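One chain, chain A, appears in both complexes that follow, with chain B as partner in the first and chain C in the second.
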Partner chain A sequence: MFEAFLIIVRRDITLAMRRRSDLFTTLFFFVIVVSLFPLGIGPEMNTLRLIAPGVVWVAALLASMLALERLFAADFEDGTLEQMLLVPQPLSLLVLGKVTAHWLVTGLPLAIVAPLLGLQYDLSPEALGVLVVSLLLGTPALSLIGAIGAALTLGLRGGGVLVSLLVLPLCIPVLIFGAGAVEANVSGLGEQGHLSMLGALLVLSLLFSPLAASAALRISAE
Partner chain B sequence: MLEIVDLECVRGDRRLFSGLAFSLESGELLHLHGHNGSGKTTLMRAICGLIRPTAGEVQWNGTDIRRLGEEFNRELAYVGHRNGIKDDLTGVENLRISCVLDGIAVSEAKAWDALEQMGLKGCEDLPVRVLSQGQKRRVSLARLLLHASPLWILDEPFTALDKAAVGFLQTVIRSHVERAGMVILTTHQEVSLTRGQVKQLQLGWKGDGDV
Partner chain C sequence: MNSRLINWFKFSSPATYYPLAGRLVPLFSVIALVLIGVGLYMSFFIAPTDYKQGEGYRIIFVHVPAAWMSMFIYVVMAVWSGLGLVFNTRLSAMMAKALAPTGAMFAFLALWTGAFWGKPMWGAWWVWDARLTSELILLFLYIGFIALQGAIDDPRRADRAGAILALVGVVNIPIIYFSVKWWNTLHQGASVSITKGSSMGQVMLWTMLIMTLGFWAYSIAVSLARVRSIILERERDTTWVSELPEVRG
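For the complex of A and B:
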């Protein structure tokens, strides 16, 4: 059973590597949006430090929305999704595999480049560390929650916009605690509480989202 | 044994068939006939469990397939209109992934062998994207050579295949039926069987079918 999970992860990463243009769109979107703010606002250090957590997190949220549309769409079009519904494996496990691979190629790179971008906002090394940790905890939750929306809107015309409308409200808690953790660190309050909440959100979405997404996939595939 | 009990399917506002009932036993082949849009594909998808029928149920050895869930999938191999293979992966990769998902261990050599039997010698490790329609279909059908599942549901398996491949696939189907397998298929070609029984089902305008 675990073998099936692994092969899905490996399959999707291989596919992403063979189609690298898709991979970089998300990352470059994130880099450009985050870099636009210091250019637009000007070199006012105090303002920049103040807005940094929010800007980086909102950009991460939007970047992960951008990638969501492709999560199941390609498999739906070429019929591999149909085959996945007909294999003797729990569908939620396969969905979890797809989301894991999706996070590894779209979410993880965001967390890796974030400290570099944070330098533009004059964040302290410590705050940069918290930013990375909050993204590492938060972006998988975003991918998991997004999977439900992507599964629900599969095969609909204009699904991309609809996914964002469905999923963005559900992602607000992740945004609040993610940006909150960095803010708390900057203002010296300690980020522990926020990070714990982010972890709790991640566990919760890890439990429920594969189930919900696989139920949605079955409906969409009809 | 596969049993269809009082099945009804509605797509949109149109009732495709209702009160449909038949059964299929080991060593039997069911050939579905019907004009375009008569609900052949819908019936096949309903039997697979991809579509929830409006009424009635599909039973495998006396149990509703909805209750069997993934257990039923072990008994089933489905080839639909779409090939279900990834364009960016090679034939061997596609075949091995689908075998792992189906829970059968297949060595690299065995996968190469199956593709060679399907007449894809020399194309096994090319990305499927560069293959022709017929070759893609062959990659997709190669699964059947490695599958141990008793029930095959084949939706227009012969499309895009050349004469030689059609002939080969017919022998594969025939030997599956002879090994006490079950096959449900739609096609516009005649399938000749040496042993076993061929049932014909006509889906018609009235919406009622009988065997």
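For the complex of A and C:
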């Protein structure tokens, strides 16, 4: 059973590596959005330091929304998804595999590049560390929650906008605790509580969202 | 036991539910009219002026029941959605679909009256208070549900996709509420809360209760009327619909 999971992960990563431009669009979207804020707000370092956690986190949220559309779409179009519905292994496991691969190619790069963007906002080294940890804990939760929305809107017209409409309200707790962790570190309150809550959200979404997403896939692919 | 089960499921068929809903709509409309009328009269003329907030506080007699109903309707919607997924009954999903616009309307009404209440009390139309913020997110959830159902052409798929979304939403609502509350207390320190400051008088409590029951009856009447339209639309090709007097005539 675990083998099926690994096969799906390996397959999806191979597919993503064959079309690397898709990968970079998400990453550069993230970089550009974060870099736009100082231009809109002004280069005051004190203001920028204050808004940095929120800006980086909202940008990460939007970037992961942008990537969601591609999660099941290609498999749905060429019929692979229907084959996946028929395999003896539980569908939620395959969904988990797909989400894992999706996170590795879209979420993980965001966390790796985030410290660089944090430097633009003059965050301290510890705050940068917390930012990376919060993104590492938070972005998989975003991918997992997003998978439900992506599965529900599979093959619908205007699916991309609709998915954001459905998923963004559900992602608010992740945003609050993700940005809150960095903010708490900057203001000296300690980030431990926020990071624990993020971890709890990740575990919860890890448990429930593959089930919900696979139920949604069965409905959409009917 | 067996006969009770049959009775229970009798009205899960649109053909038997349609006339039942038709009989209930006028009944609940009258109840809603009377209760809201009495409630409004009490809130304007009988409830005493609040010594701290003045006359402006009277808006909470609409605001609080609307907020309660908006939350309650989401839960009811999720229950219907769950029933629809488990028993595969068409009517349950239709009920969930019929409830959503009313719930969204109450969420909007709660935000609107909250803004009117906030202007004199807080000095701002909008304050990022934990309750207002979670009410706003609730409105977003309603809009998402309605948008998803609107985007899917196949009614069966729309019903079941909407049901899953409603269930995911209802699991998320407490998480969202508490995270917003925590976020709020960390950022704002002490914010003015609605219940704090003035302990509610007996008359005010009764007025609020009557208004809530009135809104409840209104929701039932409106959603039943709406579900009748949905039934007619979905079952338009069946014989029982074509034999209805209002359709033939």
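Here, the second predicted complex is superposed on the first by the 222 of 222 C-alpha atoms of A that agree within 3 Å, B and C clash if a C-alpha of one lies under 4 Å from a C-alpha of the other, contacts with A are read in each partner's own complex, and residues count from 1 in each chain.
The criterion applied here is as follows: a residue touches a chain if its C-beta (ideal position, glycine included) is under 8 Å from a C-beta of that chain, and two chains touch if they have at least 3 such contacts.
On a predicted model such as this, the values are computed, not experimentally measured, just so you know.
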item: Partner chain in contact with A:173 - chain B first, chain C second, else both or neither; value: second
item: First, second, both or neither for A:162, with chain B first and chain C second; value: second
item: First, second, both or neither for A:80, with chain B first and chain C second; value: first
item: Touched partner set for A:15, first chain B, second chain C, both or neither; value: first
item: Chain B versus chain C as contact partner of A:125, first or second or both or neither; value: neither
item: First, second, both or neither for A:201, with chain B first and chain C second; value: second
item: Which superposed partner A:188 touches (first chain B, second chain C, both, neither); value: neither
item: Intersection of chain A interface sets (partners chain B, chain C); value: 222
item: Touching residues (chain side chain B, partner chain A) in the complex; value: 48-52, 70-71, 73-74, 76, 78, 80-89, 93, 97-98, 100-103, 127
item: Sites on chain A touched by chain B in the complex; value: 3-4, 7-8, 11, 14-15, 18-19, 77-80, 82-91, 94, 221-222
item: Interfacial residue positions of chain C with respect to chain A in the complex; value: 137, 140-141, 143-144, 147-148, 151-152, 157, 160-161, 164-165, 167-169, 171-172, 175-176, 179-180, 182-183, 186
item: Chain A residues within the chain C interface of the complex; value: 148, 152-153, 156-159, 162, 165-166, 168-170, 172-173, 176-177, 180, 184, 197, 201, 204, 208, 212, 215-216, 219-220, 222
